[in-house]
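Below is a structure I'd like to ask you about.
The chains carry the letters A, B, C and D, assigned in the order they are written, with residues numbered from 1 in each.
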Amino acid sequence: MNIVTFKSDFIKPVILGAIIFAALAFLPSLVDSYYMSLAISITSFAILATAWAMFSGPTRYISLATVVFFGIGAYTVAVLGEILPFPVVLICAALAGTVLALLVGFSTLRLAGVYFVIFTFGLTELVRQVVSWYEVNVTRELGRYIFLDITQDDIYWQLLTLLAVLLLTGFILGRSRLGFALRIIGEDETVAKHCGINVTRVKVALFVLSAVFMTLTGAIMAPRWTYIDPVIAFNPMLSFQVVIMALLGGPRRLLGPILGVIPLTLLFEVLTANFPNHFSIMLGVTFMVIVYLLPGGVIGLYEKYGGPNKPSHPNGPPTTKEKTA
Amino acid sequence: MQISSRLRIATLAAATTALIGTALLGAQAQAQDTYRIGYAISKTGPGAPGANTSTIPNYEMWVKEVNDAGGLKVGDKMIPIEVVEYDDRSSSEEAVRAIERLINQDKVDFILSPWGTGLNLAVAPILDRAGYAHLAGTAVSDKAPQLSKRWKNSYWLLGTGSQYANELATFLDQLKSDGKINNKVAMIAVADGFGIELSNAGRKALEKHDFELVYDKTYPLGSQDLATIVNEIKSLGADTFVAFSYPPGTLGLTEQARVLNFNPKIFYAGVGTAFPLYKDRFGADAEGVVSLGGASETDPKIADYIKRHIAFAGREPDRWASIVNWASLQSLQQAIERAGSTDRDAINAELAKGGFDTILGSYKPGDQNFWQVGQWQDGKFVGIAPTSMDGAQALIFPKPDWKGAQ
Amino acid sequence: MLSYAVFSGITLGGMYALVAMGLTLQYGVSRIMNLAYGELVVVASFAAFVLMTSAGINPVIGLLILIPASFALNWAIYRILLKPLVARAKNRGMLEVDSILATFGLLFIVQGVLLVWFGGNYYSYDFMNSAVNVFGAAIAANRLVALGFAVVIGLGFYLILTRTRIGTALRAVAVDPQSARLVAIDVNFAACFAFALGGAMAAIGGVLVSMFLTFSTSMGVVFTMKALIVVIMGGVGNILGALVAGLILGIAEALVATYIDPGLTIAVTYVIFLLVLLIKPSGLFGRATS
Amino acid sequence: MSAEILLSVSGLHKAFGGLIAVNQMQFDVHKGEILGLLGPNGSGKTTVMNLISGALPPNEGKVVLAGRDITSLPAHTISHAGIARTFQLVRILPDLDCIENIEAGLAFRPGPLWGDAAKLAARALLDRIGLADHAHTPAGDLTYIDQKRLELGRALALQPKLLLLDEWLAGLNPSELQEGIALVRKLKSEGLTIIMVEHVMDAIRSLCDRCVVMNTGTKIADGTPETVLADPEVIRAYLGDAHA
């Protein structure tokens, strides 16, 4: 379905991106392991938020199921990590994520608005409960140990590669028929249907694509924690964080979510470092400030979620119109 | 719009980067006029209640007591403690990063453990790699012996789930052979690492001692509404009720048992029973309830510790992990004094030697010389097993009737 | 066994409904997706705890203080924090995103303040725990009180909404604020009133729940999510729907705990919730949206 | 009139709750003709269009396009089968420019066009509907009549066998109306079959080969514009009993 037009406006950003990523790959030799752990946080959230926005940006479905896929990835590593070679484990994780995303996609995409939001949240809890129940009653062991010889730098490189693949995918998608279909769906689903677009299939395809990246992120991150249980793997806060970061950055542009991830991750870090006892209050105040005093941060959201002037799709050709709401 | 929004984000990013730069780099280790101790612990999130009960007050109280006394005695100098603390928000990832920061940015001299099995396991490899000792005060894992081998300087202070279950089973077996209880046991566990580990071990141990498990189920983490479970168990004729539960469930189960007037001869409920909260909530009805942990309040050291804890934190310590944590802090203090320097390797070597004088008597981190089974007796949570330990109290048997709510 | 399971399920469901009814009002009428709702429930729990333990005021009497206090507090929250968002929102979608972000911030602030005051510990106190015999089933008195409140509030509000002028106005605002304005309903007032009323109901829920649940500063999210599930399942803005949905979930939990496996109680609530949404995408009593 | 039947609707029935919107509708559309679908407001015309185009599934009845049963097929399949439509309230893709709006029709039809070929075809179509100057104007910035043209252009891009126009001529001023009528007539001359829901009598008289009149969901007349518009039952339906 994807027929890509190879032009200079395609080659140039790809080469630029390749150079940036190649440079980023040398980060471990430049900074200490604290900054590496910060880089891992940023990279993993960048993947999650970008993958989230890949589906949710154009369709405007706010999904809180991010951590479902993340957790499934982590669990795949916990179960298979010591049995199979790591690359095979990653493939299994991607498959598990695909199957689950297909199942969820086909059953839920007819829900609208807040019903979808809460549904995806409910799904998180359900999966967590089912995994718990399975572990308790079948394996009789809750909490799994992951003793893999994977260093922090390995994790960073894997995440970096995944992010590069994701951005490239998003970039190609923005120029593909599938991406165009998604853009039309975002504008007007009814029109899309009458233009001959199989709306359900497009949405599910995107949902699956985004889920695979989330699953792989979970799989790559899991060895970092040595031990996972359902509470650790399926922590709903992660889903919320991803949504907030992507919304703040701008979910309808390919690089938008990353622009939300970097300042917010750093901000969380500063708050954590300086206000260990008042983190909640500071975080809440910051949020309020963003919402009220920086309406610019929210005007972007207006446009994306129902406002009349919507900016163009991730990476689409620039529109001539940039009106201020 | 596009431009202004980009600009805004760029400004925000620049500002935060500047902020983080000053915030993180500003705090460099100074010359050794203080001993820097760092910890990252769950001040918020699901782990917060546990951390606030068994760990945080002990850390704070220890630091205050040491500093009030002029500091740690290193050689012939007194060096005060300086604390760097973070909130890991009950997340493994945050805990990992906070520990990395303590090591690399704050360059602290020693790191105290986070709260809970999961987080302790998450940070263990990092502490090990950086050569820090790890006094894991609130982790229960059947892999504890392997873990201490895997990470040389790690000490798993609360031991394995099996040991609590085995001790309980042995204790119950004695009662059974004395003809005091029948062979029926109803067991419920919280579906969390801790509950499952204990119930697995409990199942094995109880069956080995020819007990019949008439009820053996789990309940989901976070659930407090356990009325139907208690009602069902009540009809099964078990003399012994065992719940490997977490505090909210422990309180919920006790309350339901009281409402339904389910009064087995042995009423054992897991984590939370040894918390002061339990006594506050149930008053006289706490009498006779059995759980893990315990404290010999006749021991002046323990009694004094409890008194100081009340004075410092405004509430009693719990009678299980708090006591072990305190013993480990005392050990650390003595290890530093014995090493006579702040050199990490020297201190680690001393920690490994043990023989510290603590509220648990002569103690080496990782020793399991604390109470495995305890019981509320006359407003005190006393130790009853292992029966071979000094100060073991006789079990109040059978459990007295519920007096009912006020 | 069956009757006990059903009855304890009803009391449990009553609790769910009680906690959810305020949110359905806030979300249905005022259109505020209030993520800080659970925090306000917990605030009321702590307030009841303080009144009980330090002033000796029993929680049911405490309600006389806490209901108006919470009404005023939520009125202020709406006026100061949310009104600007409502004013600048161009449509429902914007307001939804804005209110999610703003109340997400509020959630952390409230939680942070509670944390500073009360620390992260568990709290619990003893009140009306004596057993009451209902059709042969022993139920704790405090749970019956909560159930009673849930039913009275549920039916009472149903009657108010359907039989009175202000109720009609609230329903009109819920259905279509634009048109409601045309028939001379003060939409701003109605939205503010509904939000404050929802907050007062959250306080009732928080106070009653604190009589039998162990709570801590980090538990607000649990209440918010449970309430959201009930609200969505019952149909947004439908008080009676919330009551029915709460009861269904409670009874299902109790039956599963008794006859299948208590380990599945939470799973079953989500299964039911997900099934309801798959079959009726706008909830049990929700209006079908095109 | 050519005898070949392109679309055949029989026994079509649709109810919303208790309200019966379409009741046992039955009519045929011959290849190359323009069929007017008339009736007072609320008589079920748009619902019929929705049932044919697959926007709604019927409760009962059958829709057959060129011998193929397309009843209850999803909208995108019906679109692939050769039915394109415009909407009662104009629906363009406001943030996309005119070329992209047309490309939306080109890219997902059977025998899709994409890339340069699509751009070329889109420009040609814009030329045909008189929007050549607006290739890069966002559709949301167009005037009302231009939006209607664009919507039609998107429908034509699908290369339909049958085009459904739902009040496409409504709301135009007299000169725009003449342009519109001319455009539709041109389409007919190119051999396109059209069903149009319309209230504008001038347009009906000058464009329609045949009219089907509906009232409260039921067909009450079927014939040439002259005959149905003179039918007393039709007059009664529009104007009430007093005028019959």
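Annotations
The rule we apply is simple: a contact is a pair of C-beta atoms (placed from the backbone, for glycine too) under 8 Å apart; a residue touches a chain by one contact, two chains touch by 3 or more.
None of the values given here were measured: they were computed from a predicted structure.
By the document's definition of touch, common neighbours of chain B and chain D comprise A. With centres computed as the average of Cα coordinates, no chain lies farther from chain B than D. Of all the chains shown, the one with its CA centroid nearest the global CA centroid is A.
Rounded to whole angstrom, the centroid-to-centroid distance between chain A and chain C, based on C-alpha atoms, equals 31 Å. Inter-chain centre distance (chain C to chain D, centres taken as mean C-alpha positions): 49 Å.
One inter-chain figure worth recording: chain A and chain D are separated by 42 Å, centre to centre, where each centre is the mean of the chain's CA atoms. If you average the CA atoms of chain A and of chain B, the two centres end up 35 Å from each other.
Shared interface positions of chain B, defined as residues touching 2 or more other chains, are 43-46, 191, 218, 220. In chain C, the residues that reach two or more other chains under the touch definition are 111, 115, 261, 263-264, 266-267. Among the residues of chain A, those touching two or more other chains are numbered 129, 132-133, 136-137, 277, 279-280, 308-309, 311, 325. By the document's touch criterion, interfaces exist between A-B, A-C, A-D, B-C.
Within the complex, the chain C residues that touch chain A are 33, 81, 84-85, 88, 90-94, 96-98, 101-102, 104-113, 115-116, 225, 228-229, 232, 236, 261, 263-264, 266-267, 270-271, 273-274, 277-278, 281-283, 289.
Of all residues in chain C, only 1, 4-5, 8-9, 11-12, 15, 111, 115, 119-131, 138-140, 212-214, 216-218, 222, 253-254, 257-258, 261-267 touch chain B in the complex they form. Of all the residues in chain B, the ones that touch chain A in their complex are 1-6, 8-9, 12-13, 16-17, 19-20, 23-24, 43-46, 85-87, 89, 91-94, 96-98, 100-101, 103-105, 117-118, 121-122, 124-125, 143, 150, 191-193, 195-197, 200, 218, 220-221.
Taken together, the chain D residues at the contact with chain A in this complex read 53-55, 74-76, 79-80, 84-85, 87, 91-97, 100, 103-105, 107-110, 112, 114-116, 136-138, 140-141, 154, 158.
Across the complex, chain A meets chain D through its residues 3, 5, 177, 180-181, 183-184, 187-188, 190-199, 308-312, 319-321.
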